[in-house]
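The first chain written gets the first letter, and so on, giving A, B, C and D; residue counts start at 1 in each chain.
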Amino acid sequence: MQKSRLEAFSDGVLAIIITIMVLELKVPDGTSWNDLSVLMPKFISYIISFLYIGIYWGNHHHLLHTASRVTSQIMLANLNLLFWLSLVPFSAGWMGESHFARNPVALYSANLFLAGLAYFILQKAIEKTAHPDNILAKALKRHSIKGIISQIAYAVGIATAFYFPMVSVTISFIIAVIWLIPDKHIEQALH
Amino acid sequence: MQKSRLEAFSDGVLAIIITIMVLELKVPDGTSWNDLSVLMPKFISYIISFLYIGIYWGNHHHLLHTASRVTSQIMLANLNLLFWLSLVPFSAGWMGESHFARNPVALYSANLFLAGLAYFILQKAIEKTAHPDNILAKALKRHSIKGIISQIAYAVGIATAFYFPMVSVTISFIIAVIWLIPDKHIEQALH
Amino acid sequence: MQKSRLEAFSDGVLAIIITIMVLELKVPDGTSWNDLSVLMPKFISYIISFLYIGIYWGNHHHLLHTASRVTSQIMLANLNLLFWLSLVPFSAGWMGESHFARNPVALYSANLFLAGLAYFILQKAIEKTAHPDNILAKALKRHSIKGIISQIAYAVGIATAFYFPMVSVTISFIIAVIWLIPDKHIEQALH
Amino acid sequence: MQKSRLEAFSDGVLAIIITIMVLELKVPDGTSWNDLSVLMPKFISYIISFLYIGIYWGNHHHLLHTASRVTSQIMLANLNLLFWLSLVPFSAGWMGESHFARNPVALYSANLFLAGLAYFILQKAIEKTAHPDNILAKALKRHSIKGIISQIAYAVGIATAFYFPMVSVTISFIIAVIWLIPDKHIEQALH
């Protein structure tokens, strides 16, 4: 019962975050393809961010599955995660608006890094409540190696942003694609 | 359990898409009916888009009914569908703002085409999991003829947009109305 | 199952409508109380509209309770109701922005009238499916007298808007307050 | 059944309030850290408001748990609470936009005070329906001392805003942090 409301609230917030980002794509004044192509950096920012929020939704969904109950700690850790994700429309908007300038790209990578950290904290809080023989919980634990690699990649992305911002954008995109590939262990645990 | 959260997230995103489109209808500065009538193209775009999102919600609702479980493939295909639908407020806004100019109308038709394609991919992913004797699943399969005709109509709409944009707008509207007519096979399958 | 998703989608749309109206209240540039008081007409529009969406949510909630199943007709009638309600932020915004000018107030009353009509159509579609001995359904039927009076009041409000717009605003407000008073028959039916 | 829809609607509204606040953080035109730091007051307003909406969601969640049924009074009291919370994005936006000027800070404290009052009214309405031996209901009653202290603090915050606005902002922040500390009685009642 309790868990379902935590899910409902998180689903609501994630659904809104993923959708209001499109409001950053302001309708162009002209009607030529040129007027539209100016929006390309914003559109790329939108795609990457859409992927990230979608991936977080999927992982969050699996993670909460393994929680046997909702503690205050889980509620706080969840709120913390939603906070960092709620900043994605802003940092993605700045990155797109600036056509991938250095500082905005660094901020975006930092945002992804902090959201990843918040997810890790939530995972730890939920693991405490999971039944020891929950196979999904075990699959998610193995998962965390992917999480650590992502965190290192985001940290690298923050650094490279000041020299080659497009490298950082590419890193963010590649990490998103890696997360999109279904994880065999999780697939098996769900069946 | 899992399916209900996929539905909740999709419902949230679709509810937000359908509602934020109204934000494109900026309140006019004056108070005459003339000031209001300038918004007519935007309002027409809003009506068509509202119908489409509403129809997609209804079809999505029936389609997910037939899924026996939620695979990673379904989650990805669903995210892909939501992505294309999330662009409808933008492409509808451009179409309305430009008073149905050629390029924006073509883009809108292309958006409907790509959303239709994404729906088809989701349908294929869900069909794989459906029980073979699910009568709703069978009704939806028969349904796909309507889907193929719609896709052809949208493709025609993209082409005609460059010569007679209003023809494309009319096509989009007619296809929406066709989908609004309740399908007898589905009605029966639901009873 | 089906009904719960119709409720979820409607709840989502109504929750968004009620909340995005606050986006019309643009933060003032200055910091004096005078700068704030300029927003008073918008704020009054917001209060009335908030009440209406809240009341519609409550009534919708009771009405769907009495539906034994979700037909295509109910889905369409529900979509129609959500459409007219989705225009409330726009018409309320115009009314507030114009400081209760004639045309905007008439449009707002017309919007309430059309939403009321849409609700009536939905009620008829749902009544068809209700079990004959459902006491809540009976209580809601008695309810429809209140609905008819409201419709007449909105129609009067459209007419008076062109001469005394504040009378129309007052009518809208009074009708909202009347609906806020809990209905004894429904209260009893729910216990 | 009924309760779950009240929760769903409230969750929806709270999720939207917490998320649209980020729309007040307008993407800066420049790309220097200076351009970003101008947003600091808005960002602080965002953090405090995010915490408040998050806390209200958590408390609302626990409070509704103790309701044995949903009366008209509860529905009205809930709508009243959502109304005051829906104004938080506006008052937080004014406070941030004005860089913590006197009047906006006073308005923000007043908003928190009125939301607290609305919560108290909802609590009273729900207590009436709670089973006498509900331990969570008892824990929440003990909780109300924290509520009364908060109300006094907000009232002090309204007064100090006219002399030392930063003191009021600090009070709001400290009260938020106090509410974030998990309550032992509630934790126990939930286990």
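Following the convention adopted for this analysis, a contact is a pair of C-beta atoms (placed from the backbone, for glycine too) under 8 Å apart; a residue touches a chain by one contact, two chains touch by 3 or more.
The shown structure was predicted, so the numbers you read here are calculated from the model rather than taken from an experiment.
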| item | value |
| --- | --- |
| Same or different residue numbers at the subunit A/subunit B copy interface, by half rule | different |
| Angle, in degrees to the nearest 5, of the Cα rotation that carries subunit B onto subunit C | 90 |
| Separation of subunit A from subunit D, taking each centre as the mean of its C-alpha atoms, in whole Å | 26 |
| Centroid spacing, where centroids are CA-atom means, of subunit A and subunit C in whole angstrom | 37 |
| Contacts with 2+ other chains: residues of subunit A | 8, 12, 15-16, 20, 23 |
| Subunit C-touching residues of subunit D, taken from the complex the two chains share | 1-2, 5, 8-9, 12-13, 15-17, 20, 23-24, 69, 71-73, 75-76, 79, 82-83, 86-87, 89-90, 93-94, 97-98, 101-104, 107 |
| Complex contact set, residues of subunit B against subunit C | 7-8, 11-12, 14-16, 18-20, 22-23, 25, 27-29, 31-33, 36, 47, 50, 54, 57-58, 61, 65, 180, 182-183, 186-187, 190-191 |
